[in-house]
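Structure first, commentary second.
Each chain carries a letter (A, B, C and D) given by its place in the written order, and its residues are counted from 1.
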Amino acid sequence: MTPAAAPAVDTAKVKEILSRHPAGDAGALVNVLHDLQAEFRYLPEEALKLAAEHLQISQAQVFGVATFYEGFHLKPRGKHVCTVCMGTACHVRGAPKLLDQLERDLKVRAGGTTPDLSVTLETVNCVGACALGPLLIVDGEYHGNMTTGRLPKLVDSVLKEGKS
Amino acid sequence: MPRFSSEKDLESYRHKVAAGRAPDRRAVAVCAGTGCKAFGSAKLLPVFEAELAKASLKGKIELRATGCHGFCERGPLVLIFPAGRLYTKVKPEDVPEIVREDLAGGRVVERLLYRDPVSGKAYEKEEDIPFYMHQQRLVLKNNGLLDPASLDDYLALGGYRALAKAFAMGPEKVLEEVKKSGLRGRGGAGFWTGRKWEICRAAPGPDKVIICNADEGDPGAFMDRSVIEGNPHSVLEGMLIGAFAIGASTGCVYIRQEYPLAVERLGRAVAAAREAGLLGENILGSGFAFDLRIYRGGGAFVCGEESAMIASIEGRRGVPRRRPPYPAQSGLWGRPTNINNVETWANVPWIIDRGADWYRAIGTEKSTGTKIFSLVGKVNNTGLVEVPMGISLRQIVFDIGGGIPGGKKFKAVQTGGPSGGCLPASKLDIPVDFDTLVREGAMMGSGGMIVMDESTCMVDVARYFLNFLKFESCGNCTSCRDGLYQLHRLFTDIAEGRGSEHTLELVEELARTVKATSLCALGSTAVNPVESTLKYFREEILAHVRDRRCPAKVCKALITYTINDKCNGCTLCAKRCPQQAITGTVKKLHVIDQKKCIKCGICLDVCKQDAVWVE
Amino acid sequence: MCASPASSPRPASVSPAWSGEKAPPLVVGAVERTLVVMPRRCIGCRTCELACSFAHGGPGRMARARIRVHPAGEKRFVQITCLQCENAACAKVCPVQAIARDERTRALVVSLERCVGCGLCEAACPFGHMHFDRETRRAEKCDLCGGNPACAAFCPAKALEYR
Amino acid sequence: MAIRIFIDEQEVKAEPGESVLMVARRAGFDIPALCYHEAVESIGACRLCLVEVRSGARPGISTSCNMKAEDGLRISTDSPEIRRDRATNLELLLLRAPGSPVLRELAARWGVRPRLQPPPDAGIANCILCELCVRVCAALGHNALAAVGRGEKKRVGPAFGKPAEGCVGCGACLSVCPTRCIVMKDTPAARTIWGQSFEFHRCQVCGQPVITEKHRAFAIAKRGLPEDYYDVCEPCKQSQASQRFASVVW
């Protein structure tokens, strides 16, 4: 299966978001990126180019900042996002095992998205829910004390929903 | 909410609010911290509402969603007032029973009480539970009592009284009081807060800025998140007092984007404070003006470093720059800037309200006050604990934490996050304060405390931190970027049985250079986990290197999985093995094909007979 | 002295005062000593180019000579080297201020530590003197050898004098 | 007002705020540095220009390129610790840029031989990620390049890994690159760099390339130069000048 082409970006929406920030204000860049990602779930190239224009900085500057921060995504993400917390507490309680298993089951590496754009597998360096480790976050919902035994059911339910 | 134009206004309103809240008022408090929410605490609220209505108790018993109580392991937590009774692991189906038995009938629901995992003893009141009994809660004190979305709740508990007092004292006296209190920065290095304020106050330039560092990046730490989520106004009040003492009119809160709930609650608190005239022009008629903005981080650990944080707020890559000039001289937007972390700010109202002498009495001479730790990892009672400085590690891990689960042996406790170190059992009796921890090769850091047992491999932990840091390095300095990459690689060699004594020599050499020649604290402290491991757990490393053996049975390349005769042939492991490496028929002993085995450990996890053996 | 090349990038005319031996020669460098260029004495031997390349690039690097002898008709030659213009085009066009006047020799000197090798100055000089070295990727020009120009020292015809 | 600093016990004059590296080099001290350039701000990336600070509140090893000279500052440029740390950092750089003559020369001089495995591909062969190209490109006003990603995944290049927006093909990035790792190709027809081809503006006399069209347009627009500023190449200008001089001399 070839990866689905990135959907066209609604430039009117991008411009509406940009208009919330003063033109030429380079200092607003990180906030602009947050706002754009909140809308599109990733940062489309077209939107970044418009942001550069609006803030009157170069595309290279925008790209440099967008790639510096782990929280910004430059590729479209799947319909569902599975995030394995890799914080220290989760690590010592078995997070790497969960990640290995997810990579095997979903057939994507951490940071990747399944070719049908149904699931993106991500890691995060700690979400501060350390008492619940190991922790898996599916579409923003926390699943604490996760085990390799309980994992397949959860993944299945996500995948099924993805296909429906 | 009225707009307060003077201290008198504030006090009369506080009086009014407090009058409606008699101390013996009946209430149900459901914890809405991230931990309890993850266990489904949000689902409890509507059920409580419906059940209270059914029992005709609506209006008679207040229902409240509060901040984090700290005992996340046992969530969702429900507290019954005024009795102070704590129910743990409450599910929606338990709610009718709580309403019927306890609230309507006045009988304790025994089965939902906390039971000590070792002695089996049940505890009724929150304050009697060992987890809470040994704590001294100051910053977290009101977390479980108030609704973070309610300014009234905060005011009823004495909120913004310290601010009014600070205005009456004048900035110089406030500064003196904070200096006298001995408060030290809770974010990591433990610099004297009063001294820091003084430097910024003395810096030329009228346009000073204060920043609240809520970029809690240390993995395994969530103190700041809980304080903001549970009691956002205490942070705002601390910032207001600090701004007044320093002479700043602008404030920023730099908060992790990984904490959406904290962002939301802080945003609400800021809006409420603005509406009440506690932010803006002429606050409480003092003539002092201050307002603040919230900036979300982008997901970069290095932005916890002051100069990188400033770069990030200014919309740039979060790359640290050389100091001097220090932020106090030229910081955000070129203005004198003072940065303190969430917990530090939240301590300030206490100091002003109760006085420096009262505050100094808590903790030790050089580390005053309390410190919040996130006690996590291989420990029975995981959660947030707040203790006076100087308490021993043993008290925290064993008295509060309840020791190690599963009867396993304590091995180490990791403090200070990626800049800290691992302390072995022989250090359990050292007092936990800023200076002792540094002396022993660890660090207070922001307060992460990760307990490790005999099944934790220290090579694996060192490798974990190196992996984290090489990922989080900004990539500017050769020593940090490439040095950490190489150190991680060398530790991978050790973990995978390719290490030699020469590998250890290279590790030591690289560690020295990374520490000595990197620009910022990320690089210069990055090797602390490695150095403390080399210092305290050398034998375990040597076992990997000389004997090609992982004593904790963690390092995949050095272990094998086999099935012993406890196997009853249930076939579960064979079904779940992703490699189809396990063969065997029903009710017959199963066998693992070592050639196919990828050591994922699933068989071990799923076996109910304890028949999978790791060597 | 030449006029401001940046405002008039081409030397529209050369002052008639520069005509011949009796008239003032081409004078380069201003304070105590100056490089005096006298085309009428030039015999076209190109020793100055060789000397310059020795002084700046080492032997066999004639391409790096910062002075050039051009034929100008029957047995006539003109030596082209930097006129160390006031208000010089090369210095004005440099985006990183890498070309500055040496206080002592009054020569315009390229700082190799400051030059970023963008090449803007190369084509800016109205006399074609600015040179971009392909190997070092830096701009090069006459620096009066720091106060002892090799070209003048070695000119057998005394067509270049530093006095 | 001039200040005094002491380098290896020798008194050296400096201007306040000058980079210590610059002061030391001017005074003849040999301090290696790869990511330093006078025209742009120092970021202390290569970590080779190490010196040991022996005065003030924060003594210890530090880079000199981004250290400002202060009156009374005492540093030493050579010690066993400095040599050791420089050598280790050089080894790390050499792993990234084994083909760089500058690094090989330094390695030979200091007796450094790589013992470690090279890091993953840095995007551009022999790039040491010093960002000089990025900083110079920004200083020239083009802003076509950026540092991309972070940590071990840091790279240097144009936005989206595509032909660089803002690039005018001036080649300054290559000029300042300490390892000369940026690929630029000039043919009689055009210049290719950062995945983009640039047509030359040609000499109106001989037809040789003078400057790229985009660079010419940028210079004329941004520096207020006349339209015909780059119409004649260097040799043609010289012969034109010689003819004009001749006409007035004879």
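Just so it is clear, contacts are C-beta pairs under 8 Å (C-beta built on N, C-alpha and C of every residue); 3 or more make two chains touch, one makes a residue touch a chain.
Because the structure is a prediction, the values reported are computed rather than measured.
Asker: Which of the two pairs, B-D or A-B, is linked by more C-beta contacts?
Answerer: Of the two interfaces, B-D and A-B, more C-beta pairs touch across A-B.
Asker: Round to the nearest whole Å and give the separation of the Cα centres of chain B and chain C.
Answerer: The separation of the two C-alpha centroids amounts to 69 Å.
Asker: Measuring centre to centre with CA averages, how many angstrom lie between chain B and chain D?
Answerer: The mean C-alpha positions of chain B and chain D differ by 44 Å.
Asker: What is the distance, in whole Å, between the centres of chain A and chain B, each centre taken as the mean of its C-alpha atoms?
Answerer: Once rounded, the distance between the two centres reads 24 Å.
Asker: Mind checking the centre-to-centre distance between chain A and chain D? Centres are C-alpha means, answer in whole Å.
Answerer: From the centre of chain A to the centre of chain D is 36 Å.
Asker: Would you please write down the residue numbers of chain A that are in contact with two or more other chains?
Answerer: Within chain A, the residues that touch at least two other chains are 64, 68.
Asker: Of all residues in chain C, which are in touch with two or more distinct other chains?
Answerer: In chain C, no residue touches two or more other chains.
Asker: In chain D, which residues are in touch with two or more of the other chains?
Answerer: Residues 147, 149-150.
Asker: For this entry, which pairs of chains touch?
Answerer: After working through each pair, the chains in contact turn out to be A-B, A-D, B-D, C-D.
Asker: Name, in rising order, each residue of chain B that touches chain D in their complex.
Answerer: 300, 302, 317, 319, 321-322, 324, 470-479, 481-486, 489-490, 506, 509-510, 512-513, 516-519
Asker: Residues of chain A touching chain B in their complex?
Answerer: That would be residues 26-31, 33-34, 64-65, 68-72, 86-89, 91-93, 97, 100-101, 104-105, 124-133, 135, 142-144, 147-149, 152 of chain A.
Asker: Name, in rising order, each residue of chain D that touches chain B in their complex.
Answerer: 43-48, 50, 60-61, 63, 66-68, 81, 84-85, 88-89, 92-93, 95-96, 115-117, 119, 128-129, 147, 149-154
Asker: Can you tell me which positions in chain A touch chain D when the two form their complex?
Answerer: Counting only chain A, the residues touching chain D are 45, 48, 57-64, 67-68.
Asker: Which bits of chain C are touching chain D when the two form their complex?
Answerer: 6, 9-11, 13-16, 18-20, 26, 39-40, 68, 70, 72-73, 76, 78, 80, 93, 95-98, 111, 113-120, 122-131, 137-138
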